[in-house]
Every structure is written in structure tokens, then in C-alpha cells.
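Got some structures for you, see below.
Each of the next two complexes has chain A plus one more chain, namely chain B in the first and chain C in the second.
Coming up: the complex of A and B.
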């Protein structure tokens, strides 16, 4: 036997809730593609595809977090910082679709639920956190992997909380304590978030050290760095 | 004086070499390192078991797929079956992702009305 599945299976959440989130996922992804295609260069398509492939690879690497429990990369902040939030969110959806269709990981009816949790909460929401964290850090390129790591750490329990919301709306097992489910989900995913932060820090740091110009989330910082250097050169001239 | 990033070619790596390096790293992770991944249930599965809703989950309709559970069917060696499935998955994701993003950016170009004003 190979690895066990890591995404929401069919059956956890009832059909009406799953369908509602499916519709929201399709509509949201349409919007992401519209926004993303406007800012993505045709030649950058392979980089976006590689980002999706890297997230796929990262999600295979379950690391132990507590006794009898493992965690794996979500990859939302990683993808959003590298290729921008819109394309990054779409990368996550591509990974989820292929995992469900070819690797029997995650239910087909649960695809909308997982897409909302990982693409919209993980990548889009995580990117908002990234921008907020980056704003309070020194405007240097070294701040980029740090802000990405902090956002990555927070994005995992946020996505877990989003699942609990879905469970509250349409969980098929009744009479469960929602606060207990929420506490358990957020608790374990805070730990998984540490691993998420490490992987995101290392990967974003690696690309920043070789080609910072390819990192979408570093654009503002690089622009301000250049402006500051130009101003310094002018003042000494 | 321009201090644009492209003005320091000695520290630049071409986009192609970044692509190749990234792909090799993805192959290494999915094809080899994945063999050492933890087999314990992940956060969701563990919580579902502890809280009592794991049994409500059903098997995937694609459980009979030749790549189901990240193992190439018919290969007995677990590490090989898993590693191969990982490499296939990386290539598949790369191909589908690249094709999708290439297609939508081309489509966006053809519809200049939907492009932001002042571009192109």
C-alpha cells in the first residue's frame, strides 16, 4: 500500500454543503484566473506550473508532529508569494484536482470544500497575512522569507478552522461537540504550521537568493530598495 | 546609475536554470524523500478518528486508479512504486499547470477589453 490520503474524503460533509462550496470554488477560481491571467506573462507559465508541481511534491512529505500524527505542506502562502495570490490559489486547485482524479486523495464531491480551504483561505487569505506582516518588517529583501514563514504558520490553522466551519454547516455525524472539533483541529494544525513555516521559509529564501526578481511577493520591497539606493547615490554625487 | 536587478549578471541565474533546478528538487522530494515520509495519519484524519467522524468518510471513487494512494499499481517494491508515482505526479502537475496558465494568458491577450487599461 502507498501513502494514505490527506484531503477531505467524500462523506464527511453532506451533499448540499459540498455543492454550495463547489459552486463557490468554481466562481472563485474563475475570478482568480481572470485576475491572474492579466498579470501573468505568457513566458512565466512554466514557472507557475512548476510552482504547482512543487506544491504537489511538498504535500507528499508527511512529517511527524505529535504522537501518531503527521502533517504535510499546504503550500498556499508558498505559491502565492512566489507567483502571486491569484495564480498561486489556482496552483493549489490544480494540485487538488489531480490528487483527487489520479491519486484517489480527497473526494471528488469534497473538491469545492478543499479548494475553499486551501486556495482561498490558505493562498489568498495567507497572502493577505503576508502583506500585513511584510508591512511592519524592515523594507529589505531579507524580510520576504520571514513574512512568508509567519503567514504560512498562520495559514494552516486558518484553513483548519475553515474546515470546522464546513463541518458545522454540513457535518454528517451529528451530536459532536463543535468546540472540541475546533480545538482539536486548530491545536494540531498550529503544530503543522511550524513545519509549513520552515518549508516556506527555506523555499522562498532559496528563490530570493538566486532570482529575487521572480518572486511576486518581493516586488514592492525590491522597488523600494532600488529607490533607496538611487537616492543614496544621488546624495553622494 | 541603474541598480536594476538585471544589471548584475554575475549573480543572475537564467530562468531556464531556475526551472530545471526547481524541477530536479521537486523530483528529488516526490521521488525519493517521500519514501521517508511519516505514515501516521495527518492532522485531519487524526482529529476525525479522535472526534468520531472518521467512519463517515467514504473511499474515493478513484480508488482503483493505477496511481491510487500514491503508488504505481503492479510494482511490489513500496519505495519504487511510491517514488515513481511521485515523479509522475510532478510531471502531470507541471504539464497541466503550465498548459492552463499558458492558455489563460493567451486568452487574456486576445480579449484586450478585459485587460487593464494602459497595457499592451
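Coming up: the complex of A and C.
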């Protein structure tokens, strides 16, 4: 279901808006790359490449819904929580670029638009929501999948709203009421977001139970948990 | 998607288009699509001319037009959306076959269909005449950040490996009697997804160590760098230039 919603074809949004978002995407991506490489030094390329391949392969896994329909993961928040916001956003952008270039899936002139929706709003924005939610939850491991699920649920309609904003700026259809487009897009994507939240919750939960050290977004929680344990041991001693 | 997927849409032929360097083709396709997207929707003849130009390119690439059409199915969901537009859009109505349709909706639908289809067709031609390796090389020659190209080439190299890993997990699930029906399958499928991430990440760490031990320092050495000839750029830009002429004459008419 994601595939139909995010891969904007050419001509859907006018050329000036597409170019403006293309420039924004290039600039933003450059920043993500700098931050990501600073975090991972020379490990960045192999690990980010494998994570991008994971997102790409993961999107091929179909989750049956009902009556023959099925959906798949978009993976923005999942990638951001697992490998960090900068590398996660970069991976999503790479996946979009390669889908457009190798599979003709999504217009080449619309790449900037899709990158802003999926990578910046979906992954980076979703990660901000994740950090915000995690802050108000108890500082325990169990909170990590919950915060990731809430962020995933919100990130999908947020990305849809970002598309509607692009449509408002440079949509090529006249006399189409914007509120109707917004209602339809956000309405559908709230449902997709629920699916995304469930998959993200379960997947992050599994990784947290077997390799919590790999979950980038759980670093702070794990550190505080260890500190609390040490304090408890000291106070009993 | 098994091993064949490494070559995505590539069709092995010998033609002018296949021989052109990837960076020329990518730039030409992007320029062509930009011209198409900037054309006003009412310039119906211009879109016909663009389609004729693309058809000429398809024939020059010795590709079958039917094959290109078949590969354009990726845009089917948007086709459905475009067909809905005349029904849901407001403004002046016209009667078509007894249905009251919106005039601007019809124009919008035509605009999206024409530009979207031309864009997909151009991308299909690019992907059908250029190997993935050459596309990545072309991106680097177009001065995309090297780190980004490196990430992309790792992704390409391992997408098949991970897809195969996922297929093995599916075989393992199904040989234990699992069938993916309904929402109850989600926990099992999500566990597979989590396991896939762990295997991907750990493979990434192993790949990195293997590369480190062979002297990797974060960048890939460039082994061959043949300069692009001006004549190659000129050949590739025949398409966007012709499209530009069409667009100009449509704007002046």
C-alpha cells in the first residue's frame, strides 16, 4: 500500500515546485551524510548500505490484511530507531533513488518531493516524535518499542500531509478542494500508519530482546538503566 | 526476486543507446522529463510529439515497444487515481457518455496521465539500456556525493543476498506449516523482519571488517576513468533538445 502512495510520478506536481524540493532534498541529504559519517566514520558505507538493502528487501515482505489485500512496511521510523536518524534518512533516500533509476518506480523529477516526504518528514520527523514520546515514558527497555510504534503511527500521516502541502504549492489539477485531498490522504494514511506501528513495534521489540546494543535509539535508555542498577547495588551494599 | 533482479530491467543489446555513457543518459532523461513536466497541459499536440520522440529512441535502442509498455505497469495505481479525478473535482461540468464529469478534472487527469506515462517510459528506456553498475558509475560522474554512491552500491550488491535470505526464511516458515493469512500472521512476519535486520547488520559488520583487512579506508579507489567525449554528450542531448524545440513551438503557438 505504501508503494502506491509515496512514489509520485512525473507531472503530478509542477516543475518549479519539484525543482525547489529537489534542491532542498540535495541540501538535506548532504547534511544527513555529514552527520551520519561523523557518527560511523569509515563503517558508514557498508552498514548504511546493508541497512538500505534491508529496507528495500523488507518492503517486499507482504503483510496480509483482509480479503486478499496486503500491505508492506515503509520503514522510515524503523530504520531511524535502529541505525539512527541520519543514517536511517540517508538509507530511505537511497532506496527511493534506486527504485526510480532501476525500476522506473516513481518519477525522476519527483525524487526531491518523495525524498522530503519519506526521508525527512517520515524518518527524521518520525525520529523526533520517537525521542519526544520516549522522554515521557518510564526509562525502561520496554518503552523503546512503544515509542517507536507511536512515532511510526504518526510518521505516515505526517508524510501524507507533507505531500498535500506539495500539492497545494504546485498541484497540477485545478478546482480540486485541498481540504478534500488532505482529508482523503490523511484518512487513508492513518490506517496505513496503524499497520506501520504494529510492524515497527513487533520488529523493534524483537531486536531489543536479542541485540539491544544494536538499537541506536535505545542507547540513552540502556545507559540510564545501567546507572540505576549500579545505584541500586550501591545502596544495598 | 532471485538473482535476475541484480540486472533489474536491463536488456542486453548492442545499440547507440547501450554504448552511451550512463552519465549522459541520466542527464538527458532528467532534462527530457523536466521539459515534459513544464509543458502546459493544453498543448495536446506536444505530448504526441514527445511520445513519437520516445518511440524513435526505443527503436534506436533496439528495444521492443511492447516490452517498454509492459514495463510501464508500475504506474497503474496512479492511473486509477487519474481516472477518479474527473469525478471528484469541482468546477464546470461536461457530459461524457451520460456521466457528469468535471472539466478541470479531465484536464488534470490528462495532464497526469500524459506526463506520468512519458516519465515512466523514459525511465524504463534508461533502465533497459544501462546496467546497474554503469548507472552507479554515472551517478558518481554526475558529482553525486561519493559516500552516497558508495552506500547505493553496497545496497545493490546486497539487495539480492538479503532477498534470498528472506526467501529462505519463508521456506523455513512454510515447512513448519505456517501460512500467512490475516492479522494473526503479523507477529511471525515481524519476527522474520527483525531477524532479517539482525542478519543484515551483522553481515554489514563482517563485510566492513573484511574490507578493513584489505585496506579499506572509507572511500573506494577509482580504477578506470575514461573521459566522456563531447560527441557522446551531443548524441544523448538530441532527445531533450528535440523535446525543447517541441515545447518552444507549443509555447509560441
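As a convention for this text, the second predicted complex is superposed on the first by the 210 of 237 C-alpha atoms of A that agree within 3 Å, B and C clash if a C-alpha of one lies under 4 Å from a C-alpha of the other, contacts with A are read in each partner's own complex, and residues count from 1 in each chain.
FYI, a contact is a pair of C-beta atoms (placed from the backbone, for glycine too) under 8 Å apart; a residue touches a chain by one contact, two chains touch by 3 or more.
It should be emphasised that the depicted structure is a prediction, and the values quoted were computed from it without experimental measurement.
Of the two partner chains, chain B and chain C are each touched by A:41.
Once the two complexes are overlaid on the shared chain, A:229 sits against chain B while remaining clear of chain C. Once the two complexes are laid over each other on the shared chain, residue contacts for A:136 go to neither chain B nor chain C.
When both complexes are overlaid on chain A, the residue A:98 reaches chain B and chain C alike. Looking at the shared chain after the overlay, A:18 reaches chain C, while chain B stays out of its contact range.
Shared-chain residue A:71: touches chain B; no touch with chain C. Legend: residue contacts after superposition of the two complexes on their common chain; A:198 is shown touching chain C, with no touch to chain B. After overlaying the two complexes on the shared chain, residue contacts for A:189 are found with chain B alone; chain C is out of touch. Across the superposed pair, chain B and chain C both touch chain A at residues 3-4, 7, 9-12, 33, 37, 41-54, 56-58, 60-65, 90-91, 94-95, 98, 100-105, 107-108, 172-173, 176, 180, 207, 210-211, 214.
Chain B makes touch with chain A in their complex at residues 1, 3-6, 12-13, 15, 18-19, 21-23, 25-27, 29-30, 33-34, 37-48, 50-53, 56-63, 65, 67-71, 78, 81-82, 85-86, 89-102, 104-109, 114-116. If you check the complex, the residues on chain A that touch chain C are 3-4, 7, 9-12, 14-15, 18-19, 29-30, 33, 37, 41-54, 56-58, 60-66, 73, 82-83, 90-91, 94-95, 97-98, 100-105, 107-109, 172-177, 180, 198-199, 201-207, 210-211, 214. Taken in their complex, chain A has these residues touching chain B: 1-12, 33-34, 36-38, 40-58, 60-65, 68-72, 87, 90-91, 94-95, 98-108, 160, 163, 167, 171-173, 176, 180-181, 184-185, 188-189, 192, 207, 210-214, 222, 226, 229-230, 233. Of all residues in chain C, those touching chain A in their complex are 1, 8-9, 26, 29-30, 33-34, 36-38, 41, 71-72, 74-75, 77-78, 85, 88-91, 102, 104-105, 107-109, 111-112, 114-116, 118-120, 122-124, 126-127, 132, 135, 139, 145, 147-148, 150-159, 161-163, 165-166, 180-183, 185-187, 189-198, 200-201, 203-205, 207-208, 211-212, 216-218.
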